[in-house]
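Please find one structure pasted underneath; my questions will follow.
For reference, chains read A, B and C in written order, and residue numbers begin at 1 within each chain.
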């Protein structure tokens, strides 16, 4: 599993904050230009778009659904289950004769959704929490951050397993579980950043102008956090997907007949011995391509938004 | 495979059962044994315990059968042969059993095995202090006072078993039980060493403490990795034991186990579902499939908490008819399993499986009937039947359930949602009637049809669907005292085929890869698969 | 520094307590108890068993007894599933296993990752650099539950070099595949971070000054660039270590090592309350300690940071 570069993001955030004064608008324009110059990021964006299009468009291309069993193939997967145009199983079938093309498409949808929703929850919770802590400072900040410290010390994977085992498995539980784990780092970064922003003159002006706390937080501080939040979120998505794949391997993830990248890969890994290699390599290709893309996009965003770039 | 009933009928007249030839590894003349007599096999998970009165799982029982020895054993065909008991006789209308123990049986520390060891063990099994999950076995063995002792109302010393002298064991039952002797091959009834248990408490089963009376002693145990047992030179029949060392390796993933088998690290492993034909072709002398005394089925919840639809017999029949068992056994599992139209496997001793009506017609005819029934019951495209199919988390169960759900969907337009839970939750949920249709798998505790059919009686604690039929109850009660209960059993299966409280799916087979050295001595005809390492031998 | 350590320890205790209470509550609200079994226990027997294990007492009492037991006797209680072992036994047998291959994986991941990152940074834009980047990204996304069975097929079945699993006391042949499977993705992460951090430092002003002053490359790299470049890597070591230990579940399953990760999942599935609690607490202690060590290390390297 991967770890996210929070230190680097903090650095970038500081750079951004210092750069902020007076030049807020063109930063974004600059960033966009830099991002599109980054070949790797650009290609990744295209790849990702293609993957998304595939996952939603595939059902229209194939006659098979993701759960329908092809009875004529069922007993002889090794002989007839390979990818072929003739049988209309473009990616072959899984061990129960279900079309892999449709299943990969459906699995992609779920995995991407897990990634995005998980990251989204983390971002919302983490940003609000960190912004509030950083803004109010003092006692409130102390207590809030202590809580984060304590939560960070909990071996979260174990807790996630416990949650899934106790509350039963469902997509919702997975989102909740993943989201609960990942907002901690984000809140720390946001809090640090908020403290820097808080001391800027334009905040003082707003306070002097009579805006209340909520307005200041939502209208002034949070928009300025957008940069780091975006970057962190884009790095969080692949982490969510990887975690989900581990949970699926344990059998605690998505439920039949639905599937996900993680479930497909872990099933495929078991059949390598029986020479049904397509069952592993095709979903794995999607998995790797998807994660690669998120990596490069995240990196690209970070490089693009950091004004102190080399 | 012959009828225990026939033998026991003779016993009813009060005659003593003759001593059968003592058997351990019967090595055919002229066999070339290898120099290295070790047997290494895979288990899917760590066993629960090797304490005979505590053990509750299959891999644990395999260990216990090697480490300890009970009154009686089973030969390669599943027939009863003497163990620690040389002979036995039933009297008092099958309500009293007297066992005569051999005088040369010893524990691995040199102490003699006496009848008191059995009295101690059986009392211990029933004792609430032991908190054994198998205490109920004492109850179904019908020993006097068993029920009260388990409930804590009487002292364990009042159990209906006694040792008038060191080598005689007398058992008193509350009701006549013709097949009582067969029940003593079960691991829970094996003797345990009182002195050792009192000295070491819960730690008595550790390799450094354990004392056992079987053909092997436990020499190594690394939880979740391996356990090793080696020849017990004190065993009374040690001369006939061939295998010196048995190692059980814990390997969770079936495919990894197969990989390691092919790499030569194992002598035996399970063949994953669907792979048997291919492996049989490639390794004809190593892949093997044989019948086992177990039944795979789906239970309808017909209690009040169950779906309305399932109270309609036609719906239950339709679901059972539309399930294409041949697809399951020949295309999904491919291990030579037997499509099941009765609950009790046909290979059960003394059981005449009736030719139930729906088993006689073709699948196409069954499908047609199923459609009709559903329409009659009022379900169709405008009113689809919906329910949840519950099974415990496992690759193979998932496959069968997925296939079943698809069949029902395509043929009858039914929407069955698959729900899987891990074992503990599954048992709890199923036990509370919190399900619609749930998977079940039952292996016989002894080789007689009642071990299956008792589950369908109203008072049975394992009747999770809460099915109740007065005629069936009466037939099963009468069967316990009947001279020849097979007519009762046949009638019970017929009732079940009409009312369909469960959907029988298939009867198990044991599907294994076994190395060429060991496969010759494996007791493939013993459907209960009570195998003993002391009966095995390895050839060149 | 000393005050810092004390403060951290001071936080550690309430953290642990919260962890205990949280896990305990969670476990007890799970459906299915440790004694649910297919051969259903008659009411009375079930009641007996539960009494024997103290499960019939009210929640508070159970919790208090439990905590007291740990603090005063270091006794985590009996395992509910393994009747002849206590939780201490389970941990004592499984933990050294996980620790051994965990530490080895950690050492391998850090040393190979750091070296790879440094060399790639020094040879920026060379073939080696591109290969290294390719490897790091590829390896980072390859889940170890895909790698493990493939490793067994290659090394045990095809080549016959290594045993397919087991632990056998931890001899080196049994360590190799688990370590490879576990360390690879972290090795890649570390290499990536090391490389980008090194690149940044090498381009910074003070390194340029050192070059201008005529210092040799070796001196520049090892005496001046390495220390600051390591900082970001160190701040990952904490979460990396924890992730490794949790990822060890896969290793335990595929290589039958008998480690603590597998025990935990088993315990969770079997509702073996005391084992779950024992391992969770152990992991909590490890996490807290390791994070603290890493923070200290970080502070020691970077004198600007003082708590």
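We adopt the following convention: a residue touches a chain if its C-beta (ideal position, glycine included) is under 8 Å from a C-beta of that chain, and two chains touch if they have at least 3 such contacts.
Please read all numbers here as calculations on a predicted model, not as lab measurements.
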Chain whose mean Cα position lies farthest from subunit B: A
Centre-most chain [mean C-alpha coordinates]: C
Higher-contact pair (C-beta pairs counted), A-B versus A-C: A-C
Centroid spacing, where centroids are CA-atom means, of subunit B and subunit C in whole angstrom: 40
Rounded Å distance between subunit A and subunit B, as computed from the means of their C-alpha atoms: 48
Chain centre separation in whole Å, for subunit C relative to subunit A (CA means): 23
Two or more partner chains touched - positions in subunit B: 253, 255, 259, 422, 425
Residues within subunit A bordering two or more other chains: 165, 270, 273
Numbers and ranges of subunit C residues touching at least 2 other chains: 30-31, 149, 153, 269
Subunit B residues within the subunit C interface of the complex: 45-46, 48-51, 54, 56, 128-129, 131-136, 139, 150-152, 202-206, 222-226, 249-253, 255-256, 259-260, 262-263, 265, 422-425, 427-429, 431, 461-462
Subunit C residues within the subunit A interface of the complex: 11-12, 14-15, 18-19, 22-23, 26-27, 29-31, 137-138, 140-143, 145-146, 148-150, 153, 185-186, 189, 193, 196, 200, 203, 231-232, 235-236, 239-240, 242-243, 245-247, 249-250, 264-265, 268-269, 276, 279-280, 283-284, 286-288, 291
Subunit C to subunit B touching residues, read off their complex: 30-42, 44-45, 48-49, 52, 78, 81-85, 90, 93-94, 149, 152-153, 156-157, 160, 163-167, 252-254, 256-259, 262-263, 266, 269-271
Contacting residues of subunit A [partner subunit B, same complex]: 67-69, 71, 74-75, 77-78, 95-96, 165, 168, 251, 255-257, 270-271, 273-274
List of subunit B residues in touch with subunit A within their complex: 253-255, 258-259, 274-275, 278, 327, 330-332, 334, 393, 398-399, 401-403, 405-406, 418-422, 425
